[in-house]
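Shown next, in structure tokens, is the structure this report addresses.
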Amino acid sequence: MTAVAPPILETTGLKAGYFEVNILHDVSIAVPRGAIVSVIGPNGAGKSTLLKTIYGFLKPRDGRVVYRPDGAEHDITGLRPNRVTALGLSYIPQLDNVFPNMSIQENLEMGAFLLRTGVDERLERMFELFPLLRERRRAKAGGLSGGQRQMLAMARALMSGPDLLLLDEPSAGLAPNVVDEVFDKIREINAAGISMIIVEQNARRSLAMSDYGYVLDMGRNRFEGPGERLLHDEKVVDLYLGGRGRLAAAAPSGEDYEAAERPPPPAQRRFRL
Amino acid sequence: MSSSGPILKVSRVEKHFGGIAAVDGATLDVARGSITALIGPNGAGKTTLFNVVSGFYRPERGEILFEGERIDRRSPHSIAQRGLVRTFQITKALTKMTVLENVMLAARNQPGEHLWQIVLRPGSARRREREVAERARELLRFVHLERLADDYAGTLSGGQRKLLEFARALMTEPRMVLLDEPMAGVNPTLGLELLERMKALQVDLGMTFLLIEHDMEVVMSVSERVIVMNEGRVIADGPPGEVQRDQRVIDAYLGTGAAAAAGGMGR
Amino acid sequence: MTAPLLATTIASPSFWAFVGVVAGIYTIFALGLQLQFGFTGLLNFGHVAFMAISAYTMAILIVKVEAPMWAAAPAGIAVAMVFGLLIGLPTLRLRADYLAITTIAFGEIVRYVALNQDGLTGGPIGTINLKGSGTSASYNGDWLAFQGKVQHALETVFGDMGKDTAMLAIVWTVAIALIVAMQVLVKAPWGRVLRSIREDEDAASSLGKNVFAYKLQALALGAALAAVAGLFFAFQFSFFSPQDFDPLTTFFGYIIVILAGTARNWAVPVGAVIFGVIFAGTRFFEFPPFTYFGSADRAYLRLIVVGLILIGLMAFRPQGLLGKREEMVLE
Amino acid sequence: MSELAQLLANGLVTGSIIAIAAIGLTLVYGILGIVNFAHGEYLAFGAFIAFAVNVTLGWPIAGSIVFAMVATAMLGLGLEYGLWRPLRRRGAKVVALLLVSIGLALVLRHVIFLVWGATPRRFDVDVFQVYDLGGVIRLSLTQITAVSIAFAAILLVGLTLARTKLGKSMRAYSDNSALASVSGIDVDRITAYTWVLGAGLAGLGGVLLGLVQGSFNPNMGFTLLLPIFAAVILGGVGSAYGSLVGGVGLGLAMELSTWNALAGGVDPVYKPVVAFAILILALLVRPQGLFGKARYV
């Protein structure tokens, strides 16, 4: 990540909402190329709405979204989701993130809907990355457990070969061991060169592995900075991370996160996305 | 009905969906006046078990006793009337009713809910309604939603809805409450408060709580007993410290990172 | 047609009395749907069947058993309520769209039976054939006598009025009494339980409410209201046939409820009067552009307008004219 | 014995008409979530358009059928753009859309009444060409044609849904429309295609119904609507082959109920009642439809 390269995605002054209610009032974020950016904040801060607005599910009332893949620049403000995907973004919603009545393989094929060739190779790569999916390729996605669904959702999102991935609360409602696994996969995917925006409740873990973080509150930017710094910013901790009491209690696991910060062992990097 | 012994006994309960066993012979009991946590990986059958215990699903096999009485063939409303009330993982706030109405709805012994009583004893219905409103406001104060009492529940945030559901469950004057992820989506500060209130009810009124919760910190700090489910069965059951050292629990659920964290806490 | 004729039609009290009676009957009919659909969320599309059952039961008892009207009319309501319970037992656990389809099927079964069991119902010709061909049957002797007495009483107080005024007074007295009664019920905690069921059955039952029992009560009470409407319908038109009870009538009831605003008892008569003027009133509009169409074509046009109103309401004002957006039932 | 064979044959004819009408309804119901009470009017529209070109303009019946299908598909498409899509954008849900469809049914039916009147109409075809099959069953050419076309159309639709990219994207849309658009599917195209297919099949069904009935009026579609719904629910909402099974099953049941050997059989006027009764009974036993599988939500 070089400081001079322009961010792969940038929003400026986004304002959006449903019917009469504005949820985003003024949100500006930037995602450096190849980085993981976390967006955290209390319930109702507008985190999920931000993702939906970037992805064109919601037309912004004001502001701009600019996407810059290699050597190009696209104004994607208000562009419909299928067109956004065609430009090289991908999105994993928090709930309803699979096609429940289609088989796992069909789910993955839907992810590659826009590709004309190379679908089978991608499928093969996803099965390597998520071996469990290969085992159950013919099973309906609706029968998967929460953790398995999240894995399938990630694999589906990667099938289109995106440069930027938007994740909405990937760890919500998952068991601790599955959360570990999900965060491991996220790092692995990022290591393959895919930039990411992650919206998370589990703010500590998310910030710990992020290059940069934004704190939203009431639909506006509140704090921002490198993930590690936000994690130790007294104000942020007090206001958004449940206070120092909880931080102290969770401290022993901090080591663990740091260990996980190291790049994944080369053996796991054999896939290219 | 005995006043000692477990308040809830679940024995060898099975519930299948299209050939797949969601609950596969689960056996557990919950001590009267305790706060017990039910944990386990996704798909372990925890929510299904809640649905079975609260009467929303009928088990194919097994037996459920609440206060010594069989409830596994009873409908949800009759189980609730017996004092066993549940909340939902995805909250069911009645969005087109006000916050106050939501809580008042949950009152028991309201003659005004029966057609013939409205006609025959309109006065008693009205008197009871006044008591109910008063009690409902008290509970809303208790969960810090009092100033929102007259707003439509649809305007509440996710966390506030969890609190509303909690107040509504308490309004039924339950002896035992099943809480399905009461902290999910509640901001941490408010969540801690909710836990304190639960503790207070346990201590002051001897109320029993069984909660599904993923936040291990919460589980370890609030519950005196932890039941772990995996693949539809109970794989461990005991005090929190013991359960988190159980290798099966670490393998199936906690993972090594969390176990390390828990070990740290134990010191 | 010329302006003077138009003036006489519009100014004629008997014309407005007729529209008023029709609106009153529709008010009572739609009040039942308001309870079932507006408050409880039950998509009952067979409402007209309860109207048919009570009208037929009354007529048959009076003509064939020679029962007095004051016994036959309550019997009609009772039988309709029993049918409400019977159809409710198997169907009330179904989801909304399936409930709609099964109840409309139930309504059609009732109509087919009325159409084809000539011996019982007089068949396609209607109640005039209740005694078999050759003799014309009538069931409203007692009623006309009663109506005459009311007319007489009204005239001693208010002086001479049109012949429909007694019917108008009776229908609206009953309608308003029923609205008050319904309002008392839904304002009571009973109504709160119904609204909770409309929103989320599982939430209601998790709080100890017997959802099924409440739905059954709403269905049976609503059936009773349709039954009362059926009786008045029979009295107003002095004979009726199965064609009067086709599914369209139920849909008219829905249009009234939606026009007025769901979960609003006091709004129902407003919706019914607007609907009555559009529907019964336009029959008498004898001026251009209406005169360019024959009477059959005008009937079609009227129904096109009614359809457009329903679509327009759903698109632009789903909460109805007098409803509140926050409590909107239809999303 | 020959009575039974003839009833079975008649049941197959009735059933295939119900099935072809049901398949259009089940697509719109299953993929777009619209419980379309105006589906009967789409049928009537198709029949009357075919009548206009066949009788008024003197086209041959084959060309009239194709023209009617295209015209009804265009009607479906026009209403998607002018009515359903704006409503969907306003956030209208199942019950609201259902009520709109009732309003639409009133409008369409009475526009047809306004244009063509209430007089019974018939196509310009030879209804007297009757085939004697094995000396026991007599079927008219129109009946045989209707059955063949209906089965062929259903097979084609079934294959489209299962095999083609369009079919897969339709299934994906019905499963999770937001995720479908994230996958790069243009969801507006999917809804448009669904209506083209659903309404086109309704138009075809309408013409076939008119052919088999002999004469028809603008109420024809509404009269058949409930049996069509019954077939859809019996077959499982959204399932093309389910509609086939449900429709043919119902057709057979309706005809066989009149069989003399069954305690004299029911009066033929009650055939629709038999269909309604089967629907109600079936829902009692299996509220998710007789052949419908439990779906994941």
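Just so it is clear, A, B, C and D label the chains in written order, and each chain counts residues from 1 on its own.
Heads up, the rule we're going with is that a residue touches a chain if its C-beta (ideal position, glycine included) is under 8 Å from a C-beta of that chain, and two chains touch if they have at least 3 such contacts.
Bear in mind the structure is a predicted one, so any value in this text is a computation, not a measurement.
Asker: Most C-beta contact pairs, which chains?
Answerer: Among the chain pairs, C-D has the highest number of C-beta contacts.
Asker: So which chain is farthest from chain C, going by the mean of the CA atoms in each chain?
Answerer: Max centre-to-centre separation from chain C belongs to A.
Asker: Could you give the separation in Å between the centres of chain A and chain B, each centre being the mean of its C-alpha atoms?
Answerer: That pair's centroid distance is 32 Å.
Asker: Starting from the mean Cα coordinates of chain B and chain D, work out the distance between those two points in Å.
Answerer: The computed centroid separation for chain B versus chain D comes out at 48 Å.
Asker: Counting only Cα atoms for the centres, state how far chain A is from chain D in Å.
Answerer: About 45 Å, centre to centre.
Asker: Specify, in ascending order, the residues of chain A that touch 2 or more different other chains.
Answerer: Expected reply: 143.
Asker: Quick check: in the complex, which residue numbers of chain A touch chain D?
Answerer: Contact set of chain A toward chain D: 55, 57, 80-82, 85-86, 90-91, 93, 96-102, 106, 109-111, 113-114, 140-143, 156-157, 160.
Asker: For the complex, which residues does chain C have touching chain D?
Answerer: 43, 90-91, 93-98, 100-102, 104-106, 108-109, 112-113, 115-116, 248, 251, 254-255, 258, 296-297, 300-301, 303-304, 306-311, 314-315, 318, 330-331
Asker: Which residues of chain B touch chain C once you look at their complex with the stated criterion?
Answerer: 54, 56, 75-78, 80-81, 85-88, 92, 94-97, 101, 104-108, 110, 112-115, 118, 125, 129, 132, 152, 154, 168, 172
Asker: Given the complex with chain C, which residues does chain D contribute to the contact?
Answerer: For chain D paired with chain C, touching residues are 35, 83, 86-87, 90-96, 98-100, 102-107, 109-111, 113-114, 117-118, 226, 229-230, 233, 267, 269-270, 272-273, 276-277, 279-280, 283-284, 287.
Asker: In the complex of these two chains, what residues of chain C are touching chain B?
Answerer: Spelled out, the residues of chain C in touch with chain B are 184-185, 188-190, 192-193, 195-196, 199-200, 202-211, 217, 326-329.
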